[in-house]
Structure formats: C-alpha cells, structure tokens
Amino acid sequence: MNRRWSDRLIDNLLYPLAAVLLAFLFGAVILLLQGVNPLEAYSSMVTGAFGSKNGLADTLVKAVPLMLVGLGIAIAFRGGVINIGAEGQLIVGALFTTWIGVQLGEQLPGAIAIILGLVGGALAGGVWGGISGYLKAKMDVNEILSTVMLNAIAIQIAFLLLRGPMIDPAELAAGTNIPHSARLPKTTDMPRFTDLAQMLGITGGADEVGIGGYLGEIYNVLVQPSRLHSGFIFAVIMAILVYIFLWRTTIGYRIRAVGLNRHASRYAGMNVPRTIVLSMTLSGMFAGLAGAVEILGLHHRMFEPTAVSAGYGFTGIVVALFGKLHPLGIIPSSILFGGLLVGGDKMQRAMQVPQVLTVAIVGLIILFVVSTDYLVRRRQNRRLSAEPDSLTTPDEPASPSITSAEVSA
Amino acid sequence: MNGELTTIAIILGIIHQGIRLATPYLFAALGETFSQRSGVLNLGVEGIMLMGAFFSFYVASETGNLWLALLAAIIIGVLMGLFMAVVSITFQAEQGISGIGLYLFGLGMSSLLFKTMIGSVTGITGFSELQFCVTDSFCLADIPVLGEIFFSHSILTYGAFLLVPISVWLLKRTTWGLKVRSVGQNPEAADSVGVSVNRARYAAVILGSALAGIAGASLSISLLNVFQENMINGIGFIAVALVYFGGWSPVGVMFGALLFSTISALQLWGQVLGLNISSNISVMLPYILTIVALAIPFRRAAQPAALTKPFSRGEN
Amino acid sequence: MSEKSNLLPSGLERIESLQMRGIVKRFPGVLASDHVDFDVKAGEIHALLGENGAGKSTLMKILYGLYQPDEGEIILNGRPITINSPTDSLEYGIGMIHQHFMLVDNITVAENVALGMKSSRGFRLDLDVVSARIEELAEKYGLQVNPRAIISKLAVGQRQRVEIVKALYRGAALLVLDEPTAVLTPQEVDDVFVIFRQMAADGHALIFISHKLDEIFALTDRVSVLRDGRMVGTVNTADVTKADLANMMVGREVLLERVRPPSQLGDVRLKMDQVNVVNDDGQRTLKDFSLEVHSGEIVGVAGISGNGQRSLARTIAGLRAVESGKIWLDGRDVTGLSPAEMFNSGLSYIPEERMHDGVVKDFSVAENMILQDYIRAPFSKGIFLDFKTIEQHAGQLISDFRVKTPSQETPAKNLSGGNIQKLILARELAREPRFLIAAQPTRGVDIGATEYIHNQLLQQRANGLATLLISEDLDEVKALSDRIVVLFGGEIMGIVNSDEVTTEELGLMMAGERRMEMPQATA
Amino acid sequence: MKKKWLLGILILVLGLLLVACGGDTASDEEPAAEADTPAAETTEDEAVADSAESETMDDETMDDEAMMDGDYPDIEPVRIALVMPSTTTDLAWSQSMYDSLKQLQDHYGADNFEIAFTENMFNVTDAAAAIRDYAESGYNLVIAHGAQYGTSLFEIAPDFPETSFAWGTTTNTGEEEGVTNVFAYEPRAEQGGYVQGVLAAHMTEAGIIGLVGPVDAGDAKLHVDGFTAGVRDTDPDIQMNISFTGSFGDTALAAEAANTHLQAGADVLTGSSQQVVGAIGVANEAKVPWLGIQADQSPAGEDVVVSTILYDWVPTLLEMITSNQAGEYGGRVLQLTLANHGQVFLYDEDLPADAVEAALAAEQGIIDGTIEIVADPRN
C-alpha cells in the first residue's frame, strides 16, 4: 500500500521536528535558570543564523562540511554500517589536500590543483574509512569502535605532521613552532560566491539592483563579498549525484540491498564483504571531501586537526538522520544544523550564553531523533494492521540475527 | 643524568603510576562490561564520566564532604544511565549513535554547569593516599618497593581493583549476573523463562553508568582534584574499547586497563628520561593496540551474541 | 494414574483442566486466531494439528504469555486467569518447549535451568542445589543430562532433554510441546515419546503441536485441528483415520497422488561427483555425495531436517565451499564458483528461508524481481539501472505469476507469505534457468499458492527444466519427483524411483536404517 | 500503558537533570547574579590582592606597579571584543587577557569601556564569523587571541579599515599583504621564564626541576627556552626534566606528567597552558612548590603556587586603544616584556630571600639588557 502523503509527512517531518523542539525546550529551561529569556536567546539565534547576509553566508559555509559528511554517513547507513569516524576521515582528507596544495599548488594551474586537492582529500578519507570497512568485512571488527579509534589516531597523525614535515616554514623561522601548515597558494582557493558573481559580470549589491528587505540580504549573499565559497555548490551537486548513485545505479542498488539484507544479497550473488568495504570507503571519501573543501574553500591551510573537523563528524550524523538518510533531505538538514551552530555562536555573543549549550542541545537532538525511529516504526505497523489487504504471515520464522561470521564467510 | 635515579626506581615509578592511572579506566570499563554483557553498547561513557566528574567536584567544593561528592557522581551516573537505557532499550535506538548523543549531551552539560556554577578552575582537597599505618611511626607505605607500589594509593584506586573480583562474582555467582549474561547472549531464551529482558538490561546499563560516574569522580576528586571542561579527554572511549580488548571478562579488562595505563606511564617517563619519542606516537599507541586486539579472532567468540540488538517479542 | 491425589510426583499441584475460550489475535494484516476454543485435561496428550500458518504457534504463545490475546479468556481449573508474561504462565504451572530451543548456549545446563528461578540462597546462585535436583529429575524420567555441560557442546537430542528437564524443574504441570520432533532422529523420537507418555501417566497435561500424522497417532489421546486461524474441531485420536485428519487440516479432499505426466528425459544438467562439504563448525554435512539430474526431471531430496539438505542446496549455489569432489553444470566444471557465477551459468535457486534469503523485505516488488540480474542487461545500461525495463519486467511477472500486490512499488514485506513465494518463483523461473533448486518451495504457504507452485514446477519439467526439489514434506516429494534421493547424516541412503517406493521404505531410509539403490534414471 | 510509564521516566530524568542544575543555580543565587559579570572577577580581585601582598616584599616592584596604576591615560569611550580559543577561566592564556580587560573596565567604568567576548573558538571558522560580527557591530578593537586566527583576520580586516584588530602570538601585522589595521602582539615568554629558572634553581635542593609543557611551540616553547637558560646560567649541574603532553587541555596527562617528575625526584615544578591545573593539583598534594605563568594560578593550589609571571595586558591594551583613538589603526608589533610591565612577577612571602633576590636581580638584568638569554637547542 502506498503510504499516504500525510503519513509520510508525519513520519519524515513531524517526528524529527518534535525531537528538535523537545531539545530546544530543554535548552529553554536551562536558559531560564540562568536568568536569560529563552525567547530572546533563541530569536538571537535565528536572526544570527538566517537574519542577515553575513549570518546566512556563515550558515551556508557551515552547511558545506555538514552536507558532505552527512552524505557519507547516509551512504554507510544505507550499506548497513555505522560510520562514527567522519572526524578522523575529514582530518586525513584535509591533511592530504593541504599537502597536495602546498607541494603542487605553485606548479599547476589553479583549477587543476583544486581538482587534484579534492580528489586527494577524497582518496585519503576513503582509505581511512576503508580501513574500518576492511576490518569489519574481513576480521569482524566492530566498525563503531574502529572508527572511534581511528579518529584519535588521525588527530595524532595530524599533529605529528604539522609539528614535523608539514609545519609552516615561517613558524620554524620565527621559532614559535605553532603547528600549522604553510598557506596554500592563492591560486588554489576555491572561488567565493562573490568571485563567481564577478565572473558573471554581476557587481552591484541589493541596493543598486533595487531589491530591498530580506530578499536583498539573500541577494547580497550571492554577490557581495562573504566567506561563502563555491564549495556549497559543489556539495549540493554531490548530494544530487549521491541520490542518483544510490537509487539509479547498479552499485547503489547493491549497497542498499546489502544494507537491508545481507543474507539475501549474498544469496543473490553479491559480494557482501566487498560491498561493506565499498560503503565504508565511499563514506570516508565524502568525509575526506569535506576536509578538502574546508581547506580549499575556507581555511587555506591546515591547523589544529580538531579545530578543522570541529565536531562535523558527529553533527554530520544528526544531519544525516534528520535528512532521513536521503541525499536530498540532507541538503536542507545541513543548512538547518549549520544555522544552529552559527546561531549558537551568535547567541553566545548576543546574550553571553555559553556556546556549549549548543553542544548539549545537539546531543539531545541526536538522542531524541534516534528514539523517534521506534515511534515511526510502530505507527507504520499500526497502519498495516488497519489495512487488511496487505497480508503478512505472522508464523514466519523469526529471521535469525545477522551473524557477521556468515557475512565474512 | 642524576645518579639517584636508578633503574629500579624508574621501574617502580612506572608500576606505581600504572596502577594509579588504571583507576578511571577500570571503573568505566568494568561498568561498560556489565552493560555490554547485557547486550547494550553504551558509547556515552565519556559523557557520563564528565558529568560524574563535574557533580562530584561541585559537591566536594561546596560541602567538603568527599563521600557526599562520590554519591553525587553515582546519582548523576544513574540518571544518565537511565536516560541511555530509555533511549536504547525502550526506544530501541541505534546504540552507537545514541551513545554519541549522550556523549555530546554530557560534554555540553558538564561544561555549561561548570561555567555557570563554578566559573573558574580551582583546586580542592580530594581523597588522599592511604598510608596504612600500623603504628604512629610505621606505615605500610614505608615498606621499600612493595610499600611504594601497593600501599600508597587513594581509596578509589583500591576500590577500582577490588571491583574486579566483585564484578566476577556478580556476573558468575549471582542470579542477577546469570540474567545479565543470558539476556546479552540469547534474550529470547531468557524471555521464555520469565526473565524480563529489558529490566535486566536497564539494571546493567544503570549500574555501568553509575560506575562511569565514579570513574569521572576518581579523576576530579581523587587523582587530579580539579575540574576542567572536557577533562576526560577520551578515557571514556578507551574504556569502551577496553571491554572488547579484555574479551568481556572483568579480569581481561583489568589487564587491558593496566596495559594502557602503563603505556601512558612509560611515555611520561620516556620524556623525563630524555628519550625522544614523540608524544603523538605514544598517545596513538593505545588506539592502534586496541584495533589490533580487536582483529584477533579468538576474542570474537566471547562477544555477547545479542550485543547492540534491541529486544522485542515480535509483538508491537 | 492416581485420580485421588492432587499432586504430581514432583510435588506439584496438577492442572485438572485448562480451557481457552474465544481467543482472537490480530497481527498487522492478518487474523491469526479467530475465536478459537481449546481445552486440555490432566493426564492427556492433546495434539494440536494444522498446517504452517494455521495459528498453532500463535495460540500456544498466547497460552504461554508471550502474546496477549485481543479477545477471549483462559480458564484454569475453573477459574479465569490472565497470563501477561512467561513468568505468569510458569506460576500457573504451564511450561513450553519451543520449536527453536530456548537455551543460552554459552552457559551450562544447570545455569540454563536456574535462569529466572529463585535461588535458595537469595541473590547468590545455588548451582549445586540445582544440579542435584536436575540429576534427581533426570533419573526419575530416564533423561540423561549432565548439569555441568555447556549447551553449545551438546548434540541436538541432548538439548531437547535439557528443555524437558527445564520445564519439569520449573514445575510445569501442563507442558506445551511445539513440534518437538522436528530435529530428532527416529530413535530419539521414540525415546522422548516414552518420556512424554510417562509424564502423562503421572498426571501432567501435554499439548503436542505437530503436522506429522504418524506421530499424532502414535502418541496422542485427542486431536484439535486448526485451519486459517479457526478451530475446525476436536476428536478422539482413536476415532479417526489419517485421511480424516488430513481433510480437516486442509479443508478438502487431499490428492495424495498428484497427476505427474510422464516427461522426456534429456541430457544431464547437473552432475555431482563424490562431493564432501564441511560446515563452519567443522562438521561434515555432505559425504561423498554423487548425483545426476537430467533435463525434464525433478529429483526430490527427502530427509529429516538437518541431515544435509541445506548444505546440499547451498553448496550447489556456491554459497558453501566444496571440500573435495566436483560439480558440473551442463557439462561445465562449476566447482568452487561464486554464487554470482553460478547464477550466470544458468542456475536458479528458491531458498528455503524466503524472508531471510529470498527477498529484501524493504525493497519494492519490482526491485526484488532483479535481485540477481540487476547488474546485467536489459536491467542496467552501464552502471545505471534501466527503470523502464525493470518496471515492465516486474509488471509482466506480477501478472504472469498472479502475485497479489497493491503495486510494484509496494515493499515486499507487505505481501503475504504465499505471494512472496510466488514473487521468488517468478523471479527464478523468469531467468530461464538450466537448473533449479527448489528448497521447501511451499513451506508456510497456503493451499492455493501451493497448488500453483506445484503446477509451475511440473510445467517447467515438461519444458525440460532439471529440478532438485528439497522438501521435508514427504507427500510433496513423492507427488512431484521422478526420483528421490534420501539423505541421512549427509550421506545418500539411496536414490529411488518415486513410483516404486513406499512411504515406509522412505521412512526407514530417512532414519538411516536401510539403504536402497534403484537404477539411475534412464534417458 | 507501559509506554506512558516509560515516557514518565524520561520526563523524570530530564526533570531531575534540570532540578540538579536549577537547584544549584538557585542556591547560588547571590553569586550567580554575576553570571552577567562573570565569576572570574573574584579571581581578579584575588590576583590584585595577591600582587599587593607580594609587593610588600619588594619596594622596586611596588613602585613600578604604583606608578602604573596612576598612569591610566584618559581615553574616549571604547568598545572592545575578545575572541579566544579557550575560556575566560582557563587560568592561563585566555584568562590573562580577559582579566586585564576587566581591570581596565573597572578603572574606566562599563559605560566608557565596553567588553564583549566569545569563548571556546577553537574552530577558526566560527572565530572568523565572530570577528566579522564584532567588527560589523562597531567595536573599535577586535582582539583575536590566538595565532591560528591570522589567516581569517587578514581577510576580514581590509573590509573594516576604521576598526582595529589585534592578534598574537605573532609579529606579523600583515603589512606584506597590505593590511594596515592589525596589531600584532607577543609575550616575550623567555624573559619571565628566565627569571623563573633562576628562582627555581635557587629553590631546588634535590637539584632536579620538573617542567610540564603542552606542546613545544609558541608561547610555551619560549617559556621553556627561557626557563632552561635561567636554570643553566644559575647552576649548570641542575637537571631539567621536561615533558610535553602533546595537548593544551589534557589535564589528566599533565597531572601524571607532574607525578612522574616528582617520582623522578623533582622538588620544584612549573608548566604552562590551561592543562596545568591538573599538575598544580598534584603539586598541591605533594606540597611541592609550583611556579606559574600567564594567569594567577593560585586558585588551583593556594599553598604551593609560590610565584607567577602574570601576563599583564593592560599596557599593551592601552597602547592599542590610544593608538586607535589617535587614528593609527594598526601596523605595530607590541611585546609583553618585563621592561614594559607586560609581564609582572608575583612572589610569595614564604619564598627564601636569597632566591627572590636572585630572581629580582635577573629581572633587572633583563630589563637593563645586561642579561642576554641564550636558549640551548633542544632535541
């Protein structure tokens, strides 16, 4: 039975929104206890994130890594593996991209260096994710654990390189030894929106064109100088590509089949271990890509790894879940959470509310969103009971839980 | 090189420190052992430890009563555990992810509370080292070699190690332990003989979380005697890995904890002695070791068969 | 049988009578129990008979407190009771032995028995006390059980005994036996029957769930027959014949002999020579297995569950490694090929666990129709799936094989068991295979779908398909197969022409007591 | 029904958590009122009190301080924003800057001297957003208190030519890139380190000194360089044990590093960055003297923190403010030295007199230029 659109709306939108609302309600109570008016605080959050040109630009800038990481996490989920290692994969990707940019950026034309950097970042992230995939498929190592471990290892490797071979020569010369790399050549900067607008010959701001109000702000985001860079367009294109990949290609079909039923996939002749490695590798590639885009589009140099990854690996999980693990759902979801982070900072500035409140709220959102899955499933079951037409056999032997031994067999 | 620092002194120092450092790992990892034995992967240990560390520190600095502080850590551990249990057992949420949510929540909340309720980093007087004095002039801690290694730790360190046989006893020799082991291995079978699977899991997760709370407290009111934002710094995640590392047995977990803490101690001594090992490499070492250990095949057999799998009777 | 005493030998109070009245249980999309009445008395063995899906297990799970009925009541010794959980049912003296053993396999027998029981030492376990009591019970009922053995080290028959001890230990005055013989050898069946009879004689009430008519006649006093969730009737076993029961069970005259038209045998499609297979636990599941299957022939595989059938199917399909020996398909050596390569070589395979292996439940019907062939033309062009062709293909199969589904976008999990099986059959046959493995093709499927599937298999036979039919339903094997291979302990006990062998002979071979060899099929 | 029960529990948990923090905040009512004017104020007061105490020890220092206090220039009302990687309560780098700002605010009054700050801006992207936001909101001086903010700063600064920006530790004002409104600042940590080294060398009886550093970079590196030189110049036989934990925030590891030093025989400890609170705790336990740096660390161990090099940003801040109000928006490198009172020493009364004397001599020597700090290369 095709689920009615109202049911879909409730399942896909209402429950997650209720989860977010609940988390914010909790935050509101905390704010009240601190003597801060929650309405004021939250409105400063919303206007900070979406109210002005700069807020919007920052929100979209933050949405870029979240979107890319979220896409990767969705791929892993669809393939039946859980990737908690996007933090590490992003760091490794950013590192490799930086290395490429610093080493080759001078010799190569900018566009080629950028493409090389993106590919390099994706490959590095892919390898990092692939390790967990391989360990899971061949040695039955729990991927949740191995990814958490690899996160910690990636951070240390980054420090090791940034204090050693990759350190900015200027730091060595100055004797300050701050662990960051040299700046990548300017030619490797991914163009910003304003650069793109200039290329298209658009120079005037909203005032000159005669667009007022909020629309004007939006217009200004697109044409006026801000940190918003073409990585955003890149990420949106990637989301569409991932959608096509998962639902329109044979490999996507295989990943989804393995994710939903390993036994049937194996029976049907699919190479399950290889598909698991592939899902994890692809997932890592997108996290690595997020690292690459952060370097090429925003930071232009590698520094403290945890400041580059900035919790995107974890927030990306919420983004993916909130987007219902659907690539196209992840686009608005990442913008929403980008706004949450930017707004959280703004709230700190406006109301002097510690920014860590946002971290707690994100944690609660994760907890509430994963809990609603259960309610959704129950609702669906109840709907099925109400539809006598679609018969299922209750006496069907309960399918034994998937043992990974069989997967690796 | 100063002549007074003999090889024996160094070795003693490393062992002594290894034992001390094992304290938080042990509490957290033994707690996680209960949780995982019952079939629940609680990845939120780090967040619970942070909350435990904060609350015990806060109570200690307000009241000066360390036992009350410890109680506060246990209570907050129980509450966090209850939260995790509701989400992952009743609402059957994906455990790896709900754990991350709990971690972020604990991280955010402990920092927030610290900022609003304490504000600045201060020290307190925590649990001091026991001396085991037989007479006024003679304490066991004065015994050369042995005294230094074994008789100069805080009560929480002894508690952590005492918890190992207690855990074995709880799991192996009690009706409750039998239930926990069974619901983690074959919840359907346990259910069929009238064991409430979810109740056993709730109990295990909550007990585990209470221990994680103590683990946090062991840092803030015993080992370090300060609280700082994000002060747990990954110990909680290592504790989860230690359970796999130790093959789900309390004794195995203990050896894992000792191994990890000794590596940390070794690294510190390496620097003091001027051995030029990058701290990055030695910090990495435990993680690499864990991954290697996880890949060793014989350990897999011991994994509770129903780990991370929510239980429902097929109804509803 | 002492009618006077109110106590069982174990000191328990006996259950004089238990009635279930007007039990209704609905599941998503199905009425599993439709106003069922059922009763059992002390000292009797009462059979509950019905096809898969008739509602036997549902009814018993309600009695055991695993499910809650939507309507109806349970009356124990004249008093209405409510059973909310297994704890309650145990309290009332109701025990159950499940079809899938409910044992925790990494702990000891004594621990399994002690699980969920009050200990005489409160919080501390009293395994020594439990062990002593187990030994006592074991002796009383002639069960050989070592309380200190770890379950995973025990053979299937021993595990069954542990289940019985567990129930006795818990003081089950009424014991539900859910297909307790499905995994036992005939000798083991005889042994446990002795135990069951003694228990009944002692005053226990026993409910025996089975669809094996022989066993029902050998063991029980009364029979209740369920069909499609409804109670057809309750009769004294002595008053009826097998045919009567079969008719009650199926609801119409059962054709014991399906008309199997003669067919043209063609060339050898599948050939297996001295194949040996070892499973993950290191047990040999196929021993020196040799067989030829011809075009236009259905070869049936008969045997008690767990005697190598599953291994045979999975080995041919490439899902399990061959230790030694060779397999040819169409004269080509296919030993050691992967499942994908086997499917490419002209194999089709209807797996025995259809929800587990046969479909991806959350995929749509259309997506499930291309599970093996998604990667090939015409369903894909390059790396892209060709949705137009996929939809056409699905539409075609849905109408050809009369798969009842709201649309081809519907997730497979929303279809009934029979229609899922039709979906799989459609997919496998549409691949125009050279060789088909049909494992338990009609298990748990309603009569209509069964008939349809049988006809399809026979029609494909007429078209020249070579089929290996693996089934635990002897009637089905006899009705459809030209020849029958009997497996016991992974070994061939004989290959016989199905028209020339009696059920009794087959039974003896399945029990490993007799070997028979008949001439190979003549082309 | 069961679900309702569970929902109840869930609400209860949340409720309890809320009560837990709410109750505490409530009980904290009076001090909690300073949530707006953060609690660090008390620390500030203590610091001032402390320095006043130590000043009694030495007239010279006192004179300087006193002179400083009277030396607040008249300024126009000013709005200053601070973006920092850590927190205002880290007992180190970030707190030292915040404390100095508060000190100025106390002097000029909140109306004339407005402060806004953003903590925990470990992520440079967020920091950049904050910096831009402050500049747009019309703050006169935006301080990006971390070397990692440089790249972003040079991107933003040109868009706000009338706003002053500042960052450190660095000497780069972005002149090469054509930026004119950025100040660079740099504590000459080796100076304070040197004096502390001299002090420590006089204090140790065992001849072993332990140092707990975060990473061998930036400010921390300079401090170690200076400290080692000070010890060496006093007594080359004294053994310096140096360990770096590899992070700024690993309190536990810092504590264990301190423990290791103690077991290795050290009887004087020092270290830098926010992680040292752990190490100070250990020192406190063992009653071993601790030499602090950056902010006043005595709250973490009242009895054992015997000396602190306090980073006093007041002169630097005033320099920037007056410069800004004079129309010079940047382009200068400002250093915190002993000579310009950017680094102020706090000595505990109980310190041995000879040690303090030697330290004061070293201070003077550095200010005079008679002492040249030559760092040994470390491997």
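Labels for the chains are A, B, C and D, by order of writing; each one numbers its residues from 1.
As a convention for this text, a contact is a pair of C-beta atoms (placed from the backbone, for glycine too) under 8 Å apart; a residue touches a chain by one contact, two chains touch by 3 or more.
Note that this is a predicted model, so its numbers are computed, not measured.
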Which of B-D and B-C has more C-beta pairs touching across its chains: B-D
For chain A paired with chain B, centre-to-centre distance based on mean C-alpha positions, whole Å: 31
Inter-chain centre distance, chain B versus chain C - centres from mean C-alpha coordinates, in Å: 47
Centre-to-centre distance between chain D and chain C (centres being mean Cα positions), rounded to whole Å: 74
Junction residues of chain C, two or more chains touched: 100
Chain A residues counted as touching two or more neighbouring chains: 30, 34, 156, 159, 163, 354, 356, 381
Shared-contact residues (touching 2 or more other chains) in chain D: 14, 21, 25, 32, 35, 246
Each pair of chains that touches, named by its two labels: A-B, A-C, A-D, B-C, B-D
Of all residues in chain A, those that touch chain B in their complex: 30, 34, 82, 84, 135, 139-142, 144-146, 148-150, 152-153, 156-157, 159-160, 163, 314, 317, 321, 354, 356-367, 370-375, 378, 381, 398, 401, 403
Chain B residues within the chain D interface of the complex: 1-2, 4-5, 9-10, 13, 16-17, 20-21, 24, 55, 58, 76, 79, 82-83, 86, 90, 109, 112-113, 115-123, 126, 128, 219, 223-226, 228-233, 235, 264-265, 268-269, 271-274, 276, 278-280, 283
Residue numbers on chain D that touch chain A, as the complex places them: 14, 18, 21-22, 25-26, 32, 35-36, 116-120, 122-126, 128-130, 132-134, 136, 147-148, 151, 155, 159, 169-171, 215-219, 221-222, 246
Parts of chain A lying in touch with chain C, wherever the complex brings them together: 1-2, 248-251, 253-254, 256-257, 260-261, 263-271, 381-382, 384-385, 387-397, 399-400, 405, 409
Interface residues, chain B side, partner chain A - complex: 41, 43, 47, 83, 86-87, 90-94, 96-98, 100-109, 111-112, 115-116, 229, 234, 237, 240-241, 244, 278, 280-281, 283-284, 287-288, 290-291, 294-295, 297, 300, 305-306, 309, 314, 316
